[in-house]
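So that we are looking at the same thing, I have put the structure below in structure tokens.
Order of writing sets the labels: A, B, C, D, E and F. Residues in every chain begin at 1.
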Amino acid sequence: MDYQCGRMLETFGHLPVAWLLFAVLAVAGFVSFFAGRTQAVTVGHGQTERLNSQPNYHGYFVAMATIGPAAVILVLYALFGDSIVRAQLASELPQRIRDLGSLELGQYIDRISEQAARRDAASTGNALFDAATSRYTDLLGLSRIIAVLAALAAAGLGFFFARRQLSVHFRARSRVEDGIKFMLFLCAGIAVLTTIGIVASLFFEAMRFFSRVSVFSFIFGTEWNAQTGADFGAIPLFFGTFMIAFLAMLVAAPIGLLSAIYLSEYASPRFRGVVKPILELLAGIPTVVYGFFALQFVAPIVRAGANWVNGLPFVPDGLLAAQPTSALAAGIVMGIMIIPFVSSLSDDVINAVPQTLRDGAYAIGATKSETVKQVVMPAALPGVIAALLLAVSRAIGETMIVVMAAGQRAQITPDPTADLTTITVQIVALLTGDTEFDSAKTLSAFALGFVLFIVTLIFNLIALRVVQRYREKYE
Amino acid sequence: MARNEAYMSEHIVTAFTDELEHLSANLLRMGGLAEAMINDASRAVVTYDLELARQVIKRDKSIDELEAEAEKAIIRLIALRHPMAADLRAVLGAMKLAGDIERIGDLCKNIGKRCLELTGDENRAAVKGIERMSRAVSHQLQMALDAYLRQDVDAAIRVLELDDDIDDHYMSFFRETLTYMMEDPRQIGSNTHLMFMAKNLERIGDHATNIAKAVYYMVTGETATGDHVEARLKQSGGAG
Amino acid sequence: MNSPAPSPSEKGSFGSAAAMKRLKQRHRAEMRFKLYGQLAIGIAIVALVTLLISIFGQASSAFSRNVLTFDVRLDAEQVDPSGERDPEAIARNVSGFNLLLQDNLAEDFLPGETDRARLRELYGMFTRLAVLPIARKTAENPEIIGTGQEFRVALADDIDLYLKGGVSERKSLKLGEIQDVTGTLDDGIDVTFADMKAVEDLRSALETFRERSEGDNQPAALIQLGETWFRLQDIDGRTASLTYLAGASTMPAAGTNASTLVLEQSEENRTVSDRQIAWTMLLKEDGRVKSVFNTSLFSHSDSTYPELAGTAAAVVGSLWTMLVTALLAIPVGIFAAVYLEEFATKNRMTDLIEVNINNLAAVPSIVFGLLGAAVFINFLGLPRSVPLVGGLVLGLLVLPTVIIASRAALKAVPPSIRDAALGVGASQTQAVFHHVVPLAAPGILTGSIIGMARALGETAPLLLIGMVAFVAEVPDGPTDESTVLPVLIYKWSTGAERAWEPQTAAAIIVLLVFLVLMNLIAIILRRRFERRW
Amino acid sequence: MDGNVEDFTETRPKQAHTMSEMIKVDCRNIDVFYGDKQAIYDISLAIQDRAVTSFIGPSGCGKSTFLRCINRMNDTIETAKVSGQIYMDGADINDHSIDPVLLRSRVGMVFQKPNPFPKSIYDNIAYGPRIHGLASGKQELDEVVESALRKAGLWDEVKDRLQAPGTSLSGGQQQRLCIARAIAVSPEVILMDEPCSALDPIATARIEELIDELRERYCIVIVTHSMQQAARVSQRTAFFHLGKLIEYGDTEQIFTNPVDSKTQDYITGRYG
Amino acid sequence: MARNEAYMSEHIVTAFTDELEHLSANLLRMGGLAEAMINDASRAVVTYDLELARQVIKRDKSIDELEAEAEKAIIRLIALRHPMAADLRAVLGAMKLAGDIERIGDLCKNIGKRCLELTGDENRAAVKGIERMSRAVSHQLQMALDAYLRQDVDAAIRVLELDDDIDDHYMSFFRETLTYMMEDPRQIGSNTHLMFMAKNLERIGDHATNIAKAVYYMVTGETATGDHVEARLKQSGGAG
Amino acid sequence: MDGNVEDFTETRPKQAHTMSEMIKVDCRNIDVFYGDKQAIYDISLAIQDRAVTSFIGPSGCGKSTFLRCINRMNDTIETAKVSGQIYMDGADINDHSIDPVLLRSRVGMVFQKPNPFPKSIYDNIAYGPRIHGLASGKQELDEVVESALRKAGLWDEVKDRLQAPGTSLSGGQQQRLCIARAIAVSPEVILMDEPCSALDPIATARIEELIDELRERYCIVIVTHSMQQAARVSQRTAFFHLGKLIEYGDTEQIFTNPVDSKTQDYITGRYG
């Protein structure tokens, strides 16, 4: 008997239990659905229009009541079951192992669970370890049996009580719909959780950083040597970030805006049909490709150009730094990347201006450009500004182009051909490769991330607010 | 009314067509009543049937009521249906028609009342004159109503032509009766009544003419003073 | 002009002279404005075209690869020293195969040579790991051991690059017959060319290269006489002094036809030595070096040697990552959108969620990387460099995109449809799931695909969760260590050797093909099902 | 003769006298607020069965808002708050025990813009009966669909293309399709919110004709912008102004001899 | 018309108000003409002024034309302005008014025509009777038009009351003239004419009554057979 | 007496007799194609000056399309092709030498939906005169603006808030602002494309009143959905059907005694 029981526990400990449960729940769902449905038809004496809700909804309701509690129990078990088993096992281990300290104890149990996962594993020779392994398997099996039984019981209870509720006047539909709505709400909640996660992780890691480096010296310091862990003055990074974003906007804003205007006001449908997807193609290209382009193609040209300028007779030698990677190269390419962003946002905004306004202008004898400049653009201005703000925010947060083409040197110089570094570059530099989460170097990346988040957040908030106002105006 | 014109299909809102047809049917019924009243009134005079005369007097009330109803229906139609073009003409024409028929009823009633004042031993010749006139007038009214029913312009014009005959009838009756009165002053009273009866019949003829004019207007949209009717109407102008 | 009607004089004509003049100005302004727009579009298109051309230009060379053909007998001693025919052991026996091929090469070119440097130079024609496919093939068919087999091995990246014209500018010249030969192979020979003009050509070629390059670079010239290659030491009049490089160790006879290969870069400035070039040329004449389509780009995983590196592991890693991303972002995104658009009551809470989602969509992607590093790796203790974590991070990253696209699609369904459903007594949920969601489905799907395309191209956040690791094996599941295409591109682009450049460009093209496919699907969906209300 | 007089008016039942017996919907002291703004002020109004009642008034007078109280469509607007009682056949529809979803199957609604579902004509009609389980088989459903389309006077036009999308019909046909859709769930009351404002005069006339036919079976309430329309189709007319009910009576009386001077001014094109 | 009622402001489309006022002014002008015709006709009889009689006959044409214009304007108004409620009543009332005034014109013309048939040496007493009646009728018409101008229901009711007097006048005149005729058969011809003149005047009174009724309807929206007018109208029912 | 008869009709000039002298726009044999679809079939029509001409007809009859030929607004639609001649004061507006921009300053247009520019009331009006250089200084511009607003009957309502945005006005005011904007460039012809279809009856009546006033100075053409409106505001009416001109004549005649049976059927609510 004991042996039998042990075998069973062990079998359960090894079973691919997740799939099994899934199948059981699915079957339970089907069965309860049809049970509920049939009962509803019986209750309504075959005349469905007498029922408050259609028979199917009664079926759904019963199925929901059956699966729901069981699923909750199983999810809870999936989340906490393992820890409980581990805690139980740890409490049963000899004192000397329990004295090891949480880290090593954890590793020890990890080894046990790995060993247990190997079904046909031979004895390791370590009696204690083997015993612990077999105990672990048994505990795991036991916990699974308990969980499954609990789930089945919950399912049974749910099924029972759900069926008792069914009647002609029972509002099965609204109950089912409440369930659906709750599930939808949970999904919406994930987005919020993400933000909370971002803010919390950035904030706490940043706080840990600021407990080592003062906020003041971080924000107002002009020396950045994070790799050596010496200086954490972020001003050069801010400078580099905004310099490159500025250069990018210099490229993107006029080109994006003018092409949006041309496409929406002048271009024939055919031209528009061809060119618009081409511009959107620019948006679809991954940033790493832009980075490669900047590094391989634009940076050498910029450098050559800078050298040419340096070689001009009236230019003092070495006026431009002419580095192999430069802010200008990154800026230009980033600008190209942002063109479709600006143009498609502006295009939306311009298209939202009602045709009747244009007709109004044409009808009093305005030319097309007058209509655009004096009627359409003023109407679209808030939206366009918002689009530009969003583009700036995008430029600030852009990573790959600058990582690949902007350089690593934290310096403040107005020379666009010099290599500058940005916040994002430093985050990547500080966090790539193996990192320990305790050094100031790593934590500084989070502090930078926090700053980046806040800055882009402000831009976004302003822009989105403006856009919303704008939309409300024309909708 | 519209049903008689080939090119005019039904209204999309059939209730409108229904109402228009109802109105027209009612007017025709009124017209029939009036016609009967003319005949009965003259029969009462000729046969000196006082009971019949009293009936005629009573019957006027029905026509008055029908006229009031028709008028109400017309106002309803104008207020709620906003008739346009031919429909509007039909409705306004109906209003005139109703008024004219109501007047015919009044005049018949008046004949009936005067009949009660008679003695029964009037000059037979004069009475015959009344009978003849009433037959002519009744025929004229019938034709006018027929023109209305069929929305027939030509028939309407023929009615207008008839009016001259009636006027002639009346004039000769007037002179004749005047002679009788001078011959036999005792008959002055009753003859005066007969004269007024004749006058009433002449006026009924006028109203029948008006009905024909209204039909002409309804169908053509022009008042019956247009060029091609003028010649025929020249003599019959003015009230008798 | 202020009067309501124009004066009679204006009748029949349109506008006064002043107005006409003004009109001319206005039309000129119109033309200018239009031109600006065209210019802007032109610049944007030129930028795109330049980008694509530069990448395709770079990548084109990576799609072909030069291979070296060997015809060898698989000596059992060397291939399977244990003699057990254990496939695993054979597959692992890289050095055995390597030696076999090295010996084969040495036999042909440097028979009996003992100079290790010279041998190493020869062995540098291919990399050690290039024999791996042979080893594997042998392991699969152990019966071929002992038989003669023909194998193809990838040529070393530098030589491959040289053949594709990447190492140095070069020029081939025919020098005509030689009149006279003196000296010995060991000490160097002097040859006199018959054709003075050819010699002049050679000289001028050298001169041009010299002028073009900076510093103390000396262009080199390799001269082929028959089966033998010499290095040009000096040239005086028609006589040139040459030293032996490679090939048949026979003195060239007078009358042999000579040709030359002039190289811009001197040997010191090159990654390929003169001798290697000479060997390559000889192998090429033999037909042993051939250019073939580079299948390893797709079949191989990452490698430290560019000629062996491929995208297979990264592609599979990307697919696993995308799977996780899709499973997280698409259902959750759609449900969240349905909730927010159709069910959420308007209050501060939903306003907050709304603002929050819009903001989240504009948060820099790298911040999500920080989130992943801090939460998934540091806090939850999930392993680094696995598609599971990458997929989760990217899932969260594109979640707002999917939500926003889905909401837009839901919003585009006119409220009259909802009213209609409610009007016949459908509940709100029925109205939404029977009518609104099906109508919005094409839009939702398009948005989801575009979101996935964005995730596929995303790099920065994955760097921070360690997906930049070197992965030589194709991952089997979402919890295997792996990398993804864009990260691979980033990694390759930072490679020191020049051969990485075309390799990177080629990888970019692989990535772009995937993206184009996804976007095509999205466009087709949109075209096919788009409904205008 | 008197019989004839009666006969002449027989097409118009003398509602005033029989009204109390035929009341279908009885609204009492309705107030509606949108947020803090009051849209409807204490309106009481009894709507007759088997008759067309029209709501007229200048825009913003609350006529649509009031209409939407009757099938609780205001529930779908979050800020809307309705107070007062609406009795339908004696039951208060605002009662908690009444499911608005079921209510709406008894009180059909037709909207300003024709809004057929982008499905086939057949499915447009069949949707309501399906979700309410009004037909148990394909054949029964076919019958429901045909009957609804016949009642809406659309059957002959569409019977050969029931599988064509509802949106392929012309505007007027679409609106009749929407009416058929409302009829298909066998409602007792049909609410129409400016059903012709998006249609041309011809299509409008067809709809008006249809409304006139449907009056024999249903209690119809129509909100209209056009006084002429109210005059043409309705037996009873209610005039709203600034959220208040100014006058309610027989249409004929309202249009020929209104009691209230505001009604008079509105109807004759004077104002304020 | 609307201008006189305090609560009724102008139409937003002022052209509508203008047209309505124009119509009303035109009717009043017609009414004035008709009044003058009554007076002139009776003066022609009294003074045996054949020239004046001929003038009166001629003048009827003006009234007819004005009536035709008014009728056209009314159709225009109905077709183009869609009058409702009070406006509709005003327009339809105007239509009746125009018809009545036109009839009054006709009747005056008839008096003028009959005047030409007189000899100038009629019984002065009978002629006096005509003069008296015409004065009463003219007064009644004046009051009716005044009620119309002021849209005054009470005034209209007073007009209705007046009608009884005129009927009495007529009846006494009828009997009186009958006596004269019997006394002097030579005068039968001219007296018959005088009798018809009186009848015409009585009918003019009826038309004035009709005008008052129309005013009553315009203002109240009820036909003048309502409860509170009934008592006063009882005696004057029916045509004379 | 005869003078009085004349007087009675003096508010309506007898256009029929003086028409030939007063023609402002003479359209001859106009065909319009949208792509391959013909929208207008050979329409010839002479529009009088200082009068309101209305275009009526069922939707899709081409009345708006035809209207847009008169100021060449169809030029802005790419697929549209117009053939035929339109003479304005004798000059063919489709001639190459005529700049549509100048033409449109002489032929103003008012649209279905009020479309004030998102600028101040003042700038809405001043925009046209500015681009056409119709006012040489600030003061002159002020005068132009005031005069236009006065003519549009809006001055008293907005004179104290000329700097308020045009969109802050009510719908009816906005439409009058648009009319003022059209007037400000001193056009000779004003085209109105269903100018009241987005307005409530009261605002509609105000616009109709305004149109009636403007008739004294301009040649006005109005497209309208509502026959009643055409009846109220116009002196001449053209009835369109399926892209063809069916009947054109005095409004009164069209509405009381139309010649063509199609017109009759349309106007009386019969059809086809």
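Just so we're on the same page, a contact is a pair of C-beta atoms (placed from the backbone, for glycine too) under 8 Å apart; a residue touches a chain by one contact, two chains touch by 3 or more.
These figures come from a predicted structure and were not determined experimentally.
Undergrad: Using the contact definition given at the top, which chains are in touch with both chain C and chain F?
TA: Touching chain C as well as chain F, we find A, D.
Undergrad: Looking at chain B with chain E, do both copies bring the same residues to the contact (over half shared) or different ones?
TA: Same; most numbers are used by both chain B and chain E.
Undergrad: Would you say C-D or A-C is joined by more C-beta pairs in contact?
TA: A-C is joined by more C-beta pairs in contact.
Undergrad: Averaging over Cα atoms per chain, report the distance between chain B and chain E in Å.
TA: Taking the average C-alpha coordinate of chain B and of chain E, the gap between them is 22 Å.
Undergrad: If you average the CA atoms of chain D and of chain E, how far apart do the two points sit, in angstrom?
TA: 49
Undergrad: Can you compute the centre-to-centre distance for chain A and chain F, using the mean CA position of each chain? Integer Å is fine.
TA: Going by mean C-alpha positions, chain A sits 57 Å from chain F.
Undergrad: Name the residues of chain D that each touch 2 or more other chains.
TA: 101-102, 131-132, 202, 205, 227-228, 255-256, 269, 271
Undergrad: Return the residues of chain A touching two or more other chains; collapse runs of consecutive numbers into ranges.
TA: Only 173-174, 367, 370 qualify.
Undergrad: Mind pulling the residue numbers of chain C that touch at least two other chains?
TA: Expected reply: 26, 427-428.
Undergrad: Considering only which chains touch which, label the overall pattern as line, ring, star, complete or other.
TA: Looks like something else, not a line, ring, star or complete graph.
Undergrad: Using the touch rule from the top of the page, what pairs of chains touch, sorted by label?
TA: The list of touching pairs comes to A-C, A-D, A-F, B-D, B-E, B-F, C-D, C-F, D-E, D-F, E-F.
Undergrad: Along chain D, where are the residues that touch chain B in the complex?
TA: Residues in contact with chain B: 1-2, 4-5, 8-9, 11, 202, 205-206, 208-209, 212, 228, 231-232, 251-252, 255-256.
Undergrad: With touch defined as at the start, can you tell me which chain A residues reach chain F in the complex?
TA: Of all residues in chain A, those touching chain F are 268-269, 354, 356-367, 370, 374-375, 378-379, 473.
Undergrad: Under the stated contact criterion, what part of chain A meets chain D in this complex?
TA: For this pair, the touching residues of chain A are 48-49, 51-52, 54-55, 171, 173-174.
Undergrad: Please give the residue numbers of chain B that touch chain D in the complex, ascending.
TA: Residues 11-16, 18-19, 22, 26, 29, 33, 59, 62, 65-66, 69-70, 73, 75-76, 79-82.
Undergrad: Inside the complex, what are the residues of chain F that reach chain A?
TA: 71, 73, 76, 78, 101-105, 108-113, 115-119, 127-128, 131-132, 178, 181-182, 184-185
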